[in-house]
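Heads up, the next two complexes both have subunit A, just with different partners, subunit B and then subunit C.
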Partner chain A sequence: MADTGFVQKEKLEEFLRELSKDAVVYAPCLEGDTVIFKTFDPGTTLCLDRPANNPPKLAVFPQSETLFSFKYKKDAEDPRKMSVELEANTDFPRAIIFGARPCDAKGFRIYDRVYMDTNTPDPYYQGRREKTMIATLCCSAPSPGCFCVAVGGGPAHREGSDVLITQFEKGYFIEPVTEKGKTILNAPQIEDGAQYAEEAHKRQLESHDLVRNPFAEDGLPKISRSLFDLDEFWEHVVSKCLSCGACTYLCPTCYCFNITDEQSLDIGERIRSWDGCMFPHFTLEGSGHNPRPTKFKRFKNRVGHKFLYYPEKYNGVIACCGCGRCIRHCPVSVDISEIVSYLRGSRFEFTNEPPESIGTDTNS
Partner chain B sequence: MTENKNPYLPDLATVIKVIDETPNIKSYQVILNDPEKMKTFFYEPGQVGQLSVFGVGESTFVINSPPTRMDYLQFSVMRVGEVTSVIHELHEGDQIGVRAPLGNWFPYEEMKGKKILFIGGGIGLAPLRTLILFMLDNRADYGDITILYGSRTPPDLCYKDDLKEWESRSDVSLILTVDTEYPGWDKRTGFVPTVLNEIAPSPEDTIAITCGPPIMIKFVLQNLAKLNFKDENIITTLEARMKCGIGICGRCNIGSKYICKDGPVFSLAQLKEYRAEI
Partner chain C sequence: MSQRLREVIAGVFSEVDVVLAYQQGFDKLHVTPCFMTMPEEINKLVWNPLCAHNLTSYLPSLKKKKVAVVVKGCDSRTIVQFMEEGLINRENVVIIGIPCNGVISVNKVLHETNHEPIEDITFGENGEISVKTLKGEKTLLLSDVCPDKCKTCQYPTPIVYDRLVGDPITSDKSPDSVYADIKEFENKTLEERLQYWEQEFDRCIRCYACRNACPMCICQDSCIAETRDPHWISQRSTLSEKFMFHMIHALHLAGRCVECGECERACPMGIPVNKLKRKINLDMKELFGYEPGINPEDKPPLYTFKVDEATIKEHKI
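What follows is the complex of A and B.
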């Protein structure tokens, strides 16, 4: 078997159908004008031109999933009493995420530390993650909002990817990064890619410098604690936030969830679903006390989590992959890269005036 | 550490006794249905568990019976909302789910040889009870034990049998208080932080452990500071709305610490370091 492969453009769908034979394939597909990561099947229209609106996290962390089902049964010996049976399934099918972006792939590594590198690993995440291959498409040009290089990534960054794909006019150069990724070369639609390798590596380097770096050239952002702890700062920079939570749902590195029960008659399920720290109810306690009652506190926690708390816990790693989704899709154009850039303290002296450039629409 | 491989899957357990503590608090003694698990179940004083009523949900409660008395696990539940209301409907023989033990525990090793001052309010006596009973079962390891406990009215005092016993012991001094005068009440009245000032315990070689409603804790901490207790000798427990209980769901953090995993027990020195707002 060759080390690398190439798929002709017109054979791409056939190739994905082939992969679908023994794996669930997730790919960015067109839905109206929107690009959505979802399970690929015949009838879906692929769109690899721009990053999907939603990240591929749903492949290993579905928006809603069953943790276990339960069943109440009348006790045979004492019919007034009920016994309960529980059943959990952590056996998942193989999956391939095709056409993730390098930031998306890196996002999974941010999950891994929390969900797997702990003494209580999450069997649902782990079960899916271990069976999922991530085939990543290198970016040839950044989209509005992207800032992957500013957080240690880049348009051809390999972290988290099992396969790296480079786009050519004629088709796709396919390069396994991990052992898991090598199996992708078995499909009959794959030609030897050797002749494309050199040009592909050149292209991968080219787009790196096109990505904006809002934190300037001084490496990863270092946050000024005094500014970070200033409530007035947060009140200014997020005054227009609507607490809609879109930024958390579209973020490839946001991983919070809720757990709820559903029951009908004597059977039911315990379900976990995405949740987000931007919602006021997220931390509301039974007593009525809420440790993060205002959107300023919640936003501070979100930025803090990604740029201070997570790095504190995991060796400086930033829990934001710079995908720019929260910037592109925020209904009121709150820009996390701008906020973090102010938090470095060097560019922004806190005055009582809102900083002028905040809210510049990066969608255009 | 739980042996349970799936940390979300509760162990099934049976309620063996329900005790009416106060008008809105009941204690539940439960045993795990798997006798082997019950025999080898291990936890430390201060650790918590998630109780499940399947179909309704889970809530967090401290295991308030000490590991030195392992015939059953006791949880005390104050009725405040959905899950706790349904728990209040449970009877002897009913099935529930238990995910335990979770979280950290009181640093009882470091407290050896010291004087111990417990300051509790309402249901806040639950975690303190675990440690009090544990210390009484290892009495020689600890110095003077003082317990200051208060509630709104006398019927709101939890663990009345324990209180009676502690009151009668010569090696424990128990100070009870209720918010205002109450027919038949001949002990102290006044809020816990105020009574703390009145009894003015010496900080010398003493660890203060406090648990209760947030507002009580806030003033107790202030008053302990006035009494010259050092931050590292003040221990408290924090609450949060918890779901996973294992540091994953992201709900209960203060900075990079998770109350469910790095807590619920913290020293005031730690809380200041984490910039917790209390």
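What follows is the complex of A and C.
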């Protein structure tokens, strides 16, 4: 078998149908004018031109999943007694994420440290993750809001990917990165990719410098603790935030969840579902006390988790992959990269003014 | 216009704690709300057709402060509705009204430019918009890339204001055009409409941007979408739960929705959620002859109870 492959453009759908035979294939599909990561099936229109609005995290970390179902049963001998039958849900399908972006793939590595690389791995996450192959499409041009290079990634970054795909006019160059990724070359639609390898590697480097780097001077951004703990700073920069969860739900690195029992009569399910730190009930305690009662405290947690707490715990790794979705799709254009820029070092004193004047009159 | 607005804002600064206006966002295609607290910040001000956000949404949460807010005609209906429902202290709000010829839907511009990153955008006198991308320059018409609400706008000049920047504009759009699209949609069969909504709501990620962007969503932290008691919606991510949330959202806005379209503008998944609210508003208009956000002395029909409703004869007791 060749080391690399190539799929002609017109054979792509056939190729994905082939992959769908023994795996659930997730791919970016066009619905109206929106690109959605969802299960690929005949009839869906692929869109690989721009990053999907939602990340592919749902394939490994579903928005809601049943941890187990339960059933209360009356004891036949003594009807006053009840027993509970539990049934765990650990039967996970093989899955392939096709057309993730390098930022999306890197996002899964953020999850891995928390859910797998510990002495108490999460069986649900691990179960799905181990059965999922991630085939990543290199970015040929940054989208508005993208800043992957500023957080240690890049348009052809390989971390988290099992396969790297480079787009050509005629088709797709397919390059396995891991052992798991090699199986993708078995499909009959795959030709030998050797002749494209050199040009592909050239293309992979090309768009790196086009991505904006708001933290260029620092390497990776270092946050000033004193500024981070200044309430006035947060109140000012976050005043326009609507406190919705779009940024967290569209984030390839946000992994917080809620657990609820959804029960009717004597049967029910224990559900794990996405939660978001922007929501008021996120840290609401049983007593009614909420340690993060205001919008700005919640927002501070989001930035802190990604740029301070996670790096402190995991050797400086930033829990943001710079995909820019939280910026692009925020209803009021809150820009996390701008906020982190403000927070860097003691480069400037906080005076309500951005470090460089971005407010210009575009027209009258 | 920017210069005149700047002067008006400078004039009200001493009277208020904060001025709600717009400034440049993360790229040329986006402006973003800005909370100005110091007069020097006026130099950040931007005013152009990208200023689509309804800034009045922030007013109820700023009830204790003195606030000046920049409003377009459509935004002003929110203030009127707030007054009807007692959600703001009118004396604490300085309304800076701007007659508006229409705003821009960012999504429509992106559609027209094939989602290429926008390098620059400039606005001509007569509604032409010049958009520059790496692939070249394209001229669009405001009438082609405005949100649908602008195409049938009946209130281009704010209904209430304390200062008006510019001369009042009278609408040249027919009142019958406002719900023409809804009436057309109603001609579809029940099955077709169900299929349409199922397909649209299937994309919903329950991020609640539509809810939080809605100025009239007043349940706030007690929204049934997340409460366990009452437990009407589960945390499952299924179509029926999504459907249920959107139905409740729409019904809570019956006769209250000012049709600013923020729900739809905010949706990151491109779901036409405003359509549902407008359908219910049309029903309310036909049943009660009531239009939200027009007269501060009005009361929303569902805030009142009459044994005899003038237009609902069959319910007469």
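We take it that the second predicted complex is superposed on the first by the 346 of 364 C-alpha atoms of A that agree within 3 Å, B and C clash if a C-alpha of one lies under 4 Å from a C-alpha of the other, contacts with A are read in each partner's own complex, and residues count from 1 in each chain.
Everything that follows uses one rule, which is that a contact is a pair of C-beta atoms (placed from the backbone, for glycine too) under 8 Å apart; a residue touches a chain by one contact, two chains touch by 3 or more.
Because the structure is a prediction, the values reported are computed rather than measured.
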So, after the overlay on subunit A, do subunit B and subunit C clash or fit? They fit
- Go through the superposed model and pick first if A:P123 touches only subunit B, second if only subunit C, both, or neither. first
- Query: Given the touch rule stated above, what does A:N258 touch, subunit B (first), subunit C (second), both, or neither?
  - Reply: both
Quick check on the superposed pair: does A:F70 touch subunit B, subunit C, both, or neither? Answer first, second, both or neither.
first
- Task: Based on the superposed arrangement, let me know which partner A:S287 touches: subunit B (first), subunit C (second), both, or neither?
- Result: first
*In the superposed arrangement, does A:S224 touch subunit B (first), subunit C (second), both or neither?*
neither
Output check: A:Q167 vs subunit B and subunit C. Expected answer is one of first, second, both, neither. What do you get? neither
- Message: With both complexes overlaid on chain A, does A:C244 touch subunit B (first), subunit C (second), both or neither?
- Response: second
Requested in this report: Applying the touch criterion given at the start, work out whether A:S207 contacts subunit B, subunit C, both or neither, answering first, second, both or neither.
Outcome: neither
For subunit B relative to subunit C post-fit, closest CA-CA distance rounded to the angstrom comes to 8
Contacts of subunit A common to subunit B and subunit C in the A-superposed view 258, 260, 262
Listed in rising order, subunit C residues that touch subunit A in their complex are 1-3, 23-35, 37-38, 40-41, 43-48, 50, 53, 57-58, 107, 110-111, 114-115, 117-118, 121-123, 134, 199, 203, 205-209, 211-213, 220-221, 226, 228, 234-238, 262, 265-266, 268-270
Subunit A contacts subunit C in the complex at 31-34, 36, 49-50, 53-54, 62-64, 141-145, 236, 239-240, 242-246, 248-250, 258, 260, 262, 271, 273-274, 276, 279-281, 325, 327, 329, 331-335, 337-338, 352-353, 357-364
The residues of subunit B that touch subunit A in their complex are 1-2, 5-10, 12, 52, 54-59, 80-81, 84, 93-95, 97, 213-214, 239-241, 243-244, 246-256, 275, 277
Per the touch rule above, subunit A residues touching subunit B in the complex are 67-68, 70, 72, 78, 81-84, 86, 88, 90, 114-115, 118-124, 229, 255-263, 268, 270, 272, 275, 277, 282-287, 289, 291, 301, 304-305, 308-310, 312-313
